[in-house]
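Quick one: this structure, given as structure tokens, is what I'll be asking you about.
Per-chain numbering from 1; labels A, B and C assigned in written order.
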Amino acid sequence: MELYTKEYFQKLAKQLMFTLTEEEAEGIVEEFKVLQQQLELLEAIDTEGVEEMIYPFEAPTSFMREDEVEHVLTQEEALANVSNKYDQFVVLPRVVK
Amino acid sequence: MQYETVIGIEIHCELKTKTKMFSSAPVTFGQPANSCTNEIDLGHPGVLPCLNKKAVELAIRACTATHCTIDPLVKFDRKNYYYSDLPKGFQITQQFHPIGRNGYVDITVDGEKKQIRLNRIHMEEDTAKQFHGYQGTSIDFNRAGTPLIEIVSEPDMRNGKEAAAYVEALRTSLLYMNVSDVKMEEGSMRCDVNVSIRPAGSDTFGTKTEIKNLNSISNVQKAIDAEVARQTEVLENGGTIVQATYRFDEATRSTVMMRKKEGTVDYKFFPEPNIPPVQLDEKWIASIQENLPELPSQRYERYTTVYGLSDYDANVLINNKEVSDFYDEVMKHTKEGKLVANWTISELMAILNRENTPLSDCKIKPEHLAAMVEMIAKKEISGKQAKELFPDVVKGEDPKKLADARGMKQVSDVSAILAIVNQVLDEQPQSIIDYKNGKDRAIGFLVGQIMKKSKGQANPQLANQLVLQEIAKR
Amino acid sequence: MKINDYKTNGKTPLQNATEASLYAKELQPKLNAMVTFTDLEPQVENLKNISKDALMYGVPIVLKDNVTTKGILTTASSKILGNYVPVYNAHIADKLRDAGAIVIGKSSMDELGMGGTNLSAATGPVYNPYDLSRISGGSSGGSAVLVAAGAVPFAIGTDTGDSVRKPASYNGIVGVKPTYGRISRYGIIPYASSLDHVGYFTRNMYDAALALEVLAGRDDRDMTSSFLPVEKYTEYSHDVTGKKIAVLKNVTDIIPSMELKEQMNHLEEELRKKGAVVEEVSMREDLLRAALAVYFIIANCEATANHSNLDGIRFGVQEGKDSYEDIMTKSRTAGFSGLIRKRFVIGSYGLFEENQERLLRKAQKVRRLIVDEMNELYKTYDAIVAPASLKGAPKATDAEDKLSNEYLIAESYMCLGNFSGYPSMTVPFAMVDGLPVGLNMTCRAFEEQTMFTIGQAIEEISGWCDKTVEVK
């Protein structure tokens, strides 16, 4: 359990592009303990040879969309919700590669 | 020490569809920024992906051209990472079940044939295009969601030449399959090259570096040569190769490090829950494979056997698909394969090169070139006359009309000229005697009379030949 | 008033919609159910293009705020979408408009649908009309209380674990989650794609069937949308004779109060009297006890990826300015509540390559075992039923959206309907301490007709038909 410290979860948060306050990170540490207990319930179940169920209904579809232009937004619509835009573009501080 | 180079290549190709991989917004190049998107491409809340059938068809073509095994159950996965050009915060790709596996591409380098194995071909979506200025980065989402295939080779190439040949072979195939525009300079084909070296004879891999953003096939080769030289020097000096991404600097002809690779990134791949597995109809796959556009190798076969072109001429044509397609159009109107090839390669391509224009901007009509070549073959005009006409034919004019207007028509009909020849011989008995007495000039006089009688339209060589033939009989 | 009553009550659509809107506004200080009130006139104007026979002609309705509506603020009750005005309509928004419905507003929900209390909405908690100190339940809380209080006869909700069916229980109304794929999810701001369902609330069984006729149907934009034809759901049979109903003992055994136990027994007796076969069944206890973990892992893994698009760049509230990382990080930190960020961290943990086998893939395997177990029962039974909650709505001060080991099965068994995608519905049937409690029922895939038939019988037995509560 030493592994799952506040710092560990704060590092995970950083990868997800947000931060956690001390309190929030502590909250996860606590919640994680409950999760571990529930994981034990999960681990106790024998799933040898069982396939993952990813979709509620697993029959494959055969439907694919025809390659026809149907729905296009105007430039105004595409940019309508953009906070920072200039001259038709979405703008950000220079992205350094 | 002797080193062996190991090269693997990943190629991203934009598919030639009308719409995006998962949305019905248009795929275009050079449109106003952010004018070719819909909510799906922008990753707006609530959107769902819907697979483009044509993109799958083109991927099947690519798989077939590269001898890949096709998985008829199409599945997609999410590749999760955050970046400013990635609208949804994940890319939909085929991590676990690529549509194509275990293919190969044949290449020929210095006369030696070699097979480069393909690990996989998978479908995915492109990101937005970013322009980095001093003020900031501008993002155009028109490219976001464009259908891509990623073609991953095995590390089978051993030098820059082989790598260049591999990229060229793939590029040509995909172009002929109408799968992609494969324009490296416009980014519709993008090459990432993995390079490592190891002591000759070793069977473990050295640490590899990745070279990104190569914008031409010749740069693929140059960049690899430069990177191999760099790695060799590092090792010779007792250093170690660091995993990193490089770019090729054309000015200095050297590779420049962009960023180190710190550990492997966990993309947290998992199956895309919004796209159920899509079962492809076997009959549909078969019909795509049966109706494939002609491959370059098939075209080579046709050119050399049906039209009797030389290996050189066939390759020159095939290496320029636009010109080769034009050649095929011309050949719908004539059977003079070799003659058309000569005119296409040494005259037409020379003019295009000199004026630096693509064939698509040239007004020449295939049927006109065919007609001109026919006129030469039937000796209606001479090759010399044709060359005089050609600049105007290239401008879109009809060679027949041009020849008529310029009185270039030759009478090459043997019986017609023969009649005139005998008429003239009958009228000029003295000239026959002169010739038989050794005065060769008499022939020139006789031919001149024939030309006069035919109003200048008899083929002079033919007339000359017939005069000699008829005098001998008298 | 039932849905059809709005067409025949002698008032114009504008009058009906205005009254509904005014009443919802009047309730707002008490229930806090709405996020946005919409303009009615243009919608009423649009009725000119719609046949008077349309199923919801002129009927005032409410949409949960995760249904995208072109030109109308849609926030999913999250701060990060506090300024988001969609440029497109959800599939169901179009369907409802074409059926003549008038949307009076967008209702409050748990932030991004990720909760069961409706305490986490950006606009604050939604309160229960039966007792304003209690929760509405969530995540579709705003929609539920407006239907219960009589502001509208119908409201859209969404259901990923029980987000329609639990609040329906707490508010004494019908809450329906049809089969996965029956209603298109295009334009629904997601929670977890493989569990998300569009659902809805009504106050009687006929309206529940009528609403499905409006909402159901194939949509090419949703690849998981079903091709099965839409049935005349309103023509469901009113005869339960021979219908086999399984009462889930794992839940009924732990009902804490005699009050609820007796009402449950009474219901079973009455159903038998109507000709239904009602039997007690048990499912594997270990599977049911693991259901919450299965739900929690799958839902949070999918959710963290689903909401990676919320970064403040192309839409939403932007914070920060130094770099794109700074903008994303500050926008997402300020835009999501701590609860949501915690869930995303756990989801992301479950997606790490080194953890997936032990978490996500394990959960997906147990999901299959649970559905297999359900299918075993459906070989014999037409429906599996149990109370949707063991008590009435909890006090707002007691409720918390936290992973808990308490009442593990009773609190989480309704997500079986989401694992399987089978149609599931809550029907009001009991009062406990003056608070309503509903019965949850899950049927076989695409057997919504059967579900309505059994629901009709329960409605007749309980007498809960079109009941509204006066908000004090």
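Convention: contacts are C-beta pairs under 8 Å (C-beta built on N, C-alpha and C of every residue); 3 or more make two chains touch, one makes a residue touch a chain.
Model, not experiment: these values are computed from the prediction.
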item: Chain pair with the higher count of C-beta pairs in contact (B-C, A-C); value: A-C
item: Central chain of the complex, centres being mean CA coordinates; value: A
item: Inter-centroid spacing, chain B versus chain A (mean Cα positions, whole Å); value: 42
item: Inter-chain centre distance, chain A versus chain C - centres from mean C-alpha coordinates, in Å; value: 22
item: Euclidean distance of C-alpha centroids - chain B vs chain C, Å; value: 56
item: Residue numbers of chain A (touch at least two other chains); value: 16-17, 54-55, 57, 61, 63, 65, 71, 73, 78, 81, 90, 92-93, 95
item: Of all residues in chain C, the ones touching two or more other chains; value: 84, 87-88, 194, 220, 223-224, 308, 311, 313-315, 324, 328, 348
item: In chain B, residues with contacts to at least two other chains; value: 38-39, 42, 44, 50-51, 82, 84, 137, 139, 141, 273, 276
item: Contacting residues of chain A [partner chain B, same complex]; value: 16-17, 54-55, 57-75, 78-79, 81, 86-95, 97
item: Complex interface listing, chain C residues touching chain B; value: 66-68, 74, 76, 81, 84, 86-88, 90, 185-190, 192-194, 220-224, 301-302, 305, 307-311, 313-315, 324, 328, 348, 351-354, 356, 360
item: Footprint of chain A on chain B - complex, ascending; value: 17-19, 23-26, 32-39, 42, 44, 50-56, 73, 82, 84, 130-141, 258-259, 271, 273, 276-281
item: Chain B residues touching chain C - in the complex, by the definition given at the top; value: 38-39, 42-51, 78, 80, 82-84, 87-90, 137, 139, 141, 266, 268-270, 273-276
item: Interfacial residue positions of chain C with respect to chain A in the complex; value: 83-85, 87-88, 180-181, 194, 220, 223-224, 227, 286-287, 289-290, 292-294, 296-297, 304, 308, 311-318, 321-329, 332-333, 336, 338, 341-342, 344-346, 348-349, 358-359, 361-369, 371, 402-405, 418-421, 445
